[in-house]
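One chain, chain A, links the two complexes that follow: it is found with chain B in the first and with chain C in the second.
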Partner chain A sequence: MTEEALKELLYKIADDQLILGHRNSEWTGVGPLLEEDIAFSSMAQDKVGHSLAFYNLLHELGEQEPDIVAFTRNADQFHNSQFVELPIGDYSFSLVRHFLYDHAELIRFNMLAECPIDEIADVAKKLKGEIKYHVMHANTWMKQLGKATEESHNKMQSALNEALPYALGMFETSEFENDLIEAGIYAGEAAIELKWKDNITMVLEESGLSLPSWNTIKPVYGGRKGKHTDHLQPLLDEMTEVFKEDPTADW
Partner chain B sequence: MSYTKEDILLLLDEVKDPEIPVISLVDLGVITDITIVGEHVSVTMTPTFLGCPAIDYMKNDIADTLNKHGITNNTVTVSLKDSWNSDKVTEKGRKALKEFGLAPPPVHNNLIEDLDIIEHAECPNCDSTNTTLKSPFGPTLCRSLHHCNNCGEAFESFKPI
Partner chain C sequence: MSTLKSLDPRINRLNIPAEFGTSFSKTEKDQFITYEVFVQPKVDKPYQHEGIVHAPSEEMAFLFAKEQFSRRGISCSGVWVINTSNVKVSPFTENQEDIYDYIHQEIIEEANLNDKVSYEVFHLMKRGKQHKHEGQLEARSYEEALWNAKNEYAGEKPVMNLWIAKAEDFLKIEGEDFADIWDTLPQKKYRDAIDYKATEKIKKFKAEQNS
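== the complex of A and B ==
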């Protein structure tokens, strides 16, 4: 396995976290109730902090400083899935995305906790404990709103239908997939996807929400290879606005 | 002058969590190693939650405290090698959290498979476990929000991880 393969894996994890962290933060101050405002703000803080840990690992592999990597790349240099860059939409979409994303991330970290590269395993072991809280929060609201009223059910169902093609895009494979699997880094995207489908199906059933047949959903790929929607660049412009005022400032 | 590990631990007892000022970093369990080679003191610490914004404050507070006591030949490092879990909070730390009105994290002996244990956190005001989890996210990353059905008080708990 080459270092390039490892970097690709770390970049896609870190970029997903940074971009979703930024999206989560857009609920700060405008959440539908105080606890939810706090929850999305906390998850935003977690995600951005988690991305920093992976950018630090990349820095140890010779990439630039985390701030430079996070704040000076253009959209086509980001490896995040298109799923995380989509606008926050209404609360049902943000909740459904959070649910679908965090279930995948928990599986990813459980796998990476067994990674033979200690530095990666240490971060993954740490994060899987934290992500459990994100998954718990998501499951609670899926069950609550999936069954509360007809209106809430319909909103959650339509958010789910809208999110699923993009959610499958999280598992877009890289050209290094087999190298990473052979080196025992992790079991690969297809393995995460398989387990993810099982896990989310269980919760969706309890939530009274229906899952379309998987073969009718066309995954939206491209994000991992730098192909993004028109939503990413405006997000980056906003996220980097203060940094770009004075990139050399000492905060 | 040379120091022992115990001397350093005693000095570090002065350094409190910036967000929960009743508990020292030692009792919080985030100091994972102290190595003394000749005159040089190395302190290793680990974050409670990885996104914790207080980590740099803690790191600086440790260095400041050592400097204040004349131990200027020091290094403070943040590491995930021996990463934090809530069982690392000491007995003294748990008592301090409870007196502060914050439910201490339940001891789980690394067997935390699901988070049912926080559904019925023990109320720090009346010790009842007839409580309801309101949200797994509180005012800081390490705290959750609860309501006590027995005494009617709202309270926060230090999250187990």
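== the complex of A and C ==
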């Protein structure tokens, strides 16, 4: 396995976390309930923190400082899935995305916790408890709104239908997939996808929400290779506004 | 003959009935119901009351409680939530009187007895402090739980207020299965304003402005 393969894996994880963390923080101050506002913001902050841990791993592998990596790349240099860059929509979409994303993240972290590279395993072990709470949070909301009223059920179902093709895009494989699997770094995207489908199916059934047949959903790929929607660049422009004002500022 | 009534709230608050049973539930609210939140700061420390969250269910109350009341601090090892109306609250005492002195054997004589279940008992020792978990005991009614609490927990220090609730009415997120959700808490000092040490920077900025 080459270092390039490892970097590619770390970049896609970190970029997903940074972009979703930034997106979810857009709810800060305008969340549906005071308590939920704080909880969702807190998880968004966790996500940005997770991306920092992975950018640090990349820095140890010779990449630039985390701030430079996070704040100076253009959209086509980001490896995040298109799923995480989509606008927050209404709260049902943000919750469904959080549910679909964090289930995948938890599986990924459980795998990485067994990674033979200690530095990566340590980060995964340290952070997976936070993701466990994120998944508890997502599951509880899915069950609550999936069954609360007809309106909430319909909103969640339509958000789910809208999100699924993009969610499958999280599992877009890289050209290094087999190298990473052979080196035992993790079991690969297809393995995560398989387990993810099982896990989300269980919760969706309990939530009274229905899954379309998987073979009718066409995954939206491209993000991992730098192909993004028009939504990413404006997000980056906003996220980097303060940094670009004075890149040397200490804050 | 008319009696003069004091307007001093410290005296008016002292309306401790000579006897009390279980008629002292907190009043309900006309919005999401409230849940009382108890946090255990460390495995060997008692749970203590941290505050209230509004929520539509106890599971959601936990989600909110975790982020409202355990997102800062040195450590946390568990959170209990309970529907406020399931907490029985005693009157308050003043002047170092012990609430247990107001609990007499008569309290259990007329109580309806049910199956024996566990009750959690919380003590408030001082106004302005939090209710702390004193222990769990078994009883066949709230009244019997009060009486048993007196026998088990009354001590030299006066207790000013008591909370009693059935153990089964709590959602308890604790133990091995959940310990890791608070693993990184000690590293989250940045969530406290006190972690931002700006004094030196401000001094430097002012010096630059004045020069």
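Just a few scattered comments:
Assume the second predicted complex is superposed on the first by the 251 of 251 C-alpha atoms of A that agree within 3 Å, B and C clash if a C-alpha of one lies under 4 Å from a C-alpha of the other, contacts with A are read in each partner's own complex, and residues count from 1 in each chain.
Definition applied: a contact is a pair of C-beta atoms (placed from the backbone, for glycine too) under 8 Å apart; a residue touches a chain by one contact, two chains touch by 3 or more.
Bear in mind that the values here come from a model prediction, so they are computed numbers and not experimental data.
Aligning the two structures on chain A places chain B and chain C in clashing positions.
Of the two partner chains placed by superposition, A:Thr2 touches none, neither chain B nor chain C.
Once the two complexes are laid over each other on the shared chain, residue contacts for A:Gln144 go to chain C alone; chain B is not touched. By the touch criterion defined above, A:His50 reaches chain B but does not reach chain C.
In the superposition on chain A, no contact is made by A:Ser210 with either chain B or chain C. Applying the stated contact rule after C-alpha superposition, one finds that A:Gly129 touches each of chain B and chain C. When the two complexes are overlaid on their common chain A, residue A:Ile38 makes contact with chain B and with chain C alike.
Among the candidate segments 23-31, 41-49, 149-157 or 203-211, the part of chain C whose C-alpha atoms clash with chain B in the superposed model is 41-49. On chain A, the patch touched by chain B and the patch touched by chain C overlap at residues 35-36, 38-39, 42, 126-127, 129-130, 132-133, 136-137. Per the touch definition, chain A reaches chain B in the complex via residues 35-36, 38-39, 41-43, 45-50, 52-53, 122-123, 125-127, 129-130, 132-133, 136-137.
Contact residues of chain B toward chain A in the complex are 49-53, 80-81, 83-85, 112, 114-115, 134-139, 141, 144-145, 159, 161. Interface of chain A with chain C (complex): residues 33-36, 38-39, 42, 126-130, 132-133, 136-137, 140-141, 143-144, 148, 250.
Residues 32, 53-57, 59-60, 63-64, 66-68, 71, 179-184, 201 of chain C are the ones touching chain A in the complex.
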